[in-house]
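Below: a set of structures, written as structure tokens.
In what follows, subunit A forms one complex with subunit B and a second complex with subunit C.
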Partner chain A sequence: MLKALQIEPAKCTGCLQCELACSWENEQVFNPSKSRIKVFTFHDEGRFVPYTCTQCTEAWCMQTCPVDAIVINETTGAKEVIEEVCVGCKVCTIACPFGTINYNSSSGKVIKCDLCGGEPECAKACPTDAITYVDADHTGLARMRAHAAGGD
Partner chain B sequence: MDHVIIGAGPAGVVAAETLRKLDKSAGITLIGDEPEPPYSRMALPYYLVQQIPEEGTYLRKTRDYFGHRKINLVQDRVTSVLPDEHTLRLDSGETMRYDKLLIATGSRPVSPPIPGIEQEGIHTCWTLDDGRAIAASTGPGAKIVLMGAGFIGCIILEALAKSGADLIVVEMEDRMVPRMMNATAGNMIKQWCIGKGVHVLTSTRVMAIEPGDGHRFKVILDQGVPLDADLIVSATGVRSNIGFLEGSGIQTETGVLIDRNMRTSAVDVYAAGDVAEGIDFSTGDYSVQAIQPTATEHGLLAAKNMAGLDARHKGSINMNVLDTLGLISSSFGLWMGTDKGDSAEQVNPARYQYLNLQFEEDVLVGATTLGLTLHVGVLRGLIQTRVRLGKWKERLKADPSRIMEAYLACTQPVSINTGLF
Partner chain C sequence: MRQGVIEMAWTKKILRINLTEGTCQAEPLNMEWAGQYLGQRGLATKYLVEEVDPKCNPLGPENKLIMTTGPLTGTPASTAGRYSVVTKSPLTGALACSNSGGFIGNEIKNAGWDMIIFEGRSPIPVYLYLENEHAELVPAEDLWGKSVWETDELLHARYQDPLLRVACVGKSAEEGCLFACIVNDMHRAAGRSGVGTVMASKNLKAVAVRGTLGVGNLKDPRRFMQVVAEAKKVLADNPVTGQGLPTYGTQVLMNVINESGALPTRNMREVQFEGAEQVSGEAMHEPRKSDGRPNLTTNTACFGCTIACGRISTIDQNHFSVVNKPEYWINSGGVEYEAAWALGPDTGTADLDALTYCNFVCNEQGMDPITLGSTIAAAMELYQEGAITKEDTGGLELKFGDAEVLCKLVDLTGRGEGFGRDIGLGSQRLCEKYGRPELSMTVKKQEFPAYDPRGIQGMGLAYATSNRGACHLRGYTVASEIMGIPEKTDPLVTEGKAALVKAFQDATAAVDSAGICVFSTFAWTMEDIAPQVDAACEGDWSVEKMLETGERIWNMERKFNLEAGLTGADDTLPKRLLKEAAKTGPAKGMVVKLDEMLPEYYELRGWTADGVPTEETLSRLGL
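Take a look at the complex of A and B:
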């Protein structure tokens, strides 16, 4: 059974542990701007919304990549960027309707969530269980993905 | 069932692999006229600056990718299609039968009607072969004139400038990337390029190309002194490859006409990619977009329909992203706005940042960005879902940079959880 990140914004306190854990795991720096998960703050409502790639089935990024630099990890189902193959053309960053694959100007390549190979650090780091790694069926992600794929 | 695909670019390759996924036993033949394994034109600029070897441009990287999937790759050129007989003629003299046919022959650069344009040493940048020729003549100190600062021109510009060449760009229109950027953004890109040492001449035409003295060419302009050049690169627009369809009865205008199921006017014949006039999501009209995301979307949909599914095209969003010597820009959909609509704009010329949003009622229909790299894809998301922005529209008009918040607040599943809507 594939697992997925379940995000429950109502539980998020905005502590940004997930961003720090992500940037440390993937970029070896404690720097939220290098994180693949972002927490958005709604000042007016005093709410926080963690947000990252849903590993959607359409895989718009993978479909459009001109050089086959994005592949599916058969174990986790994650769409992963192979950094050595990516040429940094950025066409995936405009193709992804969720905005969850981003250009990293220091490497000249793109970065996105790869579920840390099956042990997502953000979920481990979250003190309030706003981010959990659960069976994909439970996450309601299907609805969210379907919505972004819409167009009618 | 025998599927035949003409053209081994992104549209053809995505169609072939999709057909295989949907039908394990069908015959699939992919015919391409270029000598290399299927490769990506988009990767050529990175090949030019030697960031990647030739193999880095290949569309699929694993060994024997096509053979493994029983996709029969044929190197040949299709010279004509006979829809009544379900047959093709090939340059090699052979004929081939098909049950379903996909035309994915892409496009080619147009050569502007300028005296002297046919000389050796004047290149387009369209094929790997062009790439090799340009790579051989560019380098530090080489004097290069680039004709055309459209989308493709600007992509090549980046590669040529990186090679250390002494580069002059000549563009007929009054700004750079005129079909992707408004005057503000197009001129900011121009200023940026000038700041990086590239000479940019807008509102200028090349009138003739003559033999030079000291340098290979002398480029005569409609104003000012002629330019010396060792190499001339021409990027003045593209046209669909439809010539071989003449006499086939398959209807064409600027490209092959297709319907929402990617079908042409001939039974069992489909078209996809740069060669097809597909539906534009924003306008509802049919047009040739000639961009990578549209080519792959078309390829996927055409394959589904060829395999017997009823997969209707909702339309492709015209969109581009460009990196001009480090300045990243993008445009989406109706970036130029509409008569009925209104817009929001944020400009910071000193930092080369720009954001322009175009609305119809409270729906985002187009956008232009400069200097934005984070979450830029949500602009597509907002346009494609036609999500109603409600009170977020006014917030965006006050501060367009809040697009990500607007997206999260207005996309239902998330906002159900958060109570933000």
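Take a look at the complex of A and C:
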């Protein structure tokens, strides 16, 4: 079964454990600035919103890469950057409408969410289940259930 | 792990800023001291006692101000995003060490620094801009006079960087209010003892930080991740840290403490407040009659915290405090228990919107709400007693329970105007000025927090002996006496309390020094904390070593205070708590029996009958 990250901002407290887990998994350092997932704080509204790559089927980043450095992981469906192939041209960062693929000045390559090979660390680290890893065909299931429970 | 390198989860670098000369220099962290004092509170205090004359003028250039992180700050150890500000206090004349959450601690660590030491005094207002190894003092004449919120906004706009983290002082600090805080991330604060006043005295308006270097350098990363995950589960499974605090915040205590007969009311004349329920954590969830919204919008976390006890609140837009003031129609930091108590029950005010407004202003102008509320309560009693009159207050009638007067006084103090300048003195100096020093509810000139020690005897001893004046965060025996953590003791007896207070004080000093939040200890014992420190830091950080480190820190702080001129005679409480019995509740008829606890406490500490650490004690602790 293909799975996907499901993000429910209303549950997020803004603790950044997801950013710590992501940077540790990918960079072996605790460094929010190198995280593939970011939590945005909207102070005046009292809202915290985690945001990362949704793994588009027709991924703009993948389509636009001139050296085919972005490939599909057939098991997870993630669009992954092959570091050895990436030339750091950043065209993908322009192509992505969501801003979820970014240049990493320390490596000279781009970085994006790769679903940690099927075990996303952000979801494991989230203390409030604001980030979960669920059936990709039913990311709306929890909301459907909530509405179903409230209806007659 | 790199060969031959001491792994301490430290960056091993200190940034030293000489404000007089305008220089910023890196220096290595003293790793021998790190092994003895761990970090944050302990290690920064070690630097301060080595570098600052205990007798110095706290607001003179000879005082220093240290912003410090802990070894676990910036790691995913839950609640470990704390930072502290260590300096000599202008309010108490003793050591000040004020702890704050939010995100700035991690940012300083991520920028590659364990500690920033500010010394001297800048000839002109400046702020520090810190981006990893790049440190720069920037003229801040345009920021001087601005509030915390305005300063935060202006700096974010200037650098066009939403991820910039800012800690700064507001107008109150510039105007000499003796309990000004340093506010970071808009509504977290290094709150007590006037650390913001010291910062402003150095002409330092703000510290703006962006760190992108990361935190690593752990002794045993694999074990660290494992023990951190286990410890997080302990927090999640505990009813206080897993349910009570996220749902109600520290405000979960308002009704509990009121029922225990330990809620100081109207300047501690009474121990129960008839309006407690209206300003409680539960009340923050109730929809308002006017707009149907509850006071509380959501809970929020500090960096890396899996408890998330922070409150994000709104004020009713029709409330008198914010009519025609849209800048307050936003979500921001809501009241936590100590603030709600000081502004509420202690002033006799049961208006949740008014308390939230006052809390917003405390964040906006950088004031400690505990000292502010308690000082207003003292002023109200002075007024009732006729010691101050309308002529002194600019026409205000300072009546207990008058929410409009409360809000006006908070406004005036925030801006350093009118009678607000008197409030800015703190209650001890205020009550002395008007000839009634006994009406100040303070220890070592610092105001009490929200637990009446007549109903929680251990807290009486904890307050009397706290190294920064009356304080709940130096030995929170409320946990044991009221909540039964780690085990229940009777709040109304004095037997065993000397040992309990010492144990809490030593453990808390070690917890603070790791960079962890003391609220974690509602669920964690040192058995949960020591393994996290041990996996991160070189050396054997056993439970025993952590507690010994805590005891060393406590005695070092004590030694500084004694050298600053305090004595055992200052380990006391206001006459009201020692002579006037509680009028209602479970503690009815009781006073604080300090004399039954203090001598035993001194003995357990290895101090003389005058409260001075013996040579033997100092040498046992390597002091």
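In this section, the second predicted complex is superposed on the first by the 139 of 152 C-alpha atoms of A that agree within 3 Å, B and C clash if a C-alpha of one lies under 4 Å from a C-alpha of the other, contacts with A are read in each partner's own complex, and residues count from 1 in each chain.
Definition applied: a residue touches a chain if its C-beta (ideal position, glycine included) is under 8 Å from a C-beta of that chain, and two chains touch if they have at least 3 such contacts.
Being a predicted model, the structure only gives us computed values, none of them experimental.
Q: In the superposed model on subunit A, is it clash or fit for subunit B and subunit C?
A: On the shared subunit A, the partners fit.
Q: So, A:P32: does it touch subunit B (first), subunit C (second), both, or neither?
A: second
Q: What is the contact status of A:E8 with respect to subunit B (first) and subunit C (second): first, second, both, or neither?
A: Touch partner of A:E8: subunit B, not subunit C.
Q: Applying the touch criterion given at the start, work out whether A:L16 contacts subunit B, subunit C, both or neither, answering first, second, both or neither.
A: Only subunit C; A:L16 stays clear of subunit B.
Q: Is A:T128 touching anything from subunit B or subunit C once the two structures are fitted on A? First, second, both or neither.
A: second
Q: In the overlay, answer first, second, both or neither for which of subunit B and subunit C A:W24 touches.
A: In the superposition, A:W24 touches subunit C alone.
Q: Which partner does A:C96 reach: the first (subunit B), the second (subunit C), both, or neither?
A: A:C96 sits against subunit B, while subunit C stays out of touch.
Q: Looking at the overlay, what does A:T57 touch: subunit B (first), subunit C (second), both, or neither?
A: A:T57 sits against neither subunit B nor subunit C.
Q: Looking at subunit A, which partner touches more of its residues: subunit C or subunit B?
A: B
Q: Could you tell me if A:E45 is touching subunit B, subunit C, both of them or neither one (first, second, both, neither)?
A: both
Q: Closest Cα approach between subunit B and subunit C after superposing, in Å?
A: 6
Q: Give me the intersection of subunit A's contacts with subunit B and its contacts with subunit C, in residue numbers.
A: 45, 47
Q: State the interface residues of subunit C toward subunit A in the complex, per the touch definition above.
A: The touching residues are 74-76, 78, 103, 106, 110, 163, 186, 211-216, 221, 225, 232, 236, 246, 297-306, 308, 310, 312, 314, 330-332.
Q: With touch defined as at the start, can you tell me which subunit A residues reach subunit C in the complex?
A: It comes out as residues 13-17, 20-21, 23-24, 27-34, 43-48, 125, 127-128.
Q: Considering the complex alone, what residue numbers of subunit B touch subunit A?
A: Listed in rising order, the residues are 10, 14, 40-43, 46, 51-52, 56-61, 281, 292-293, 296-297, 300, 314-315, 319-321, 323, 326, 328, 330, 332, 373-381, 384-386, 404-405, 407-409, 411-414, 417-420.
Q: Give every residue of subunit A touching subunit B within the complex, in rising order.
A: 7-10, 38, 40, 42, 45, 47, 49, 51, 60, 63-64, 66-68, 85, 87-91, 93-103, 105, 140, 143-144, 147-148, 150-152
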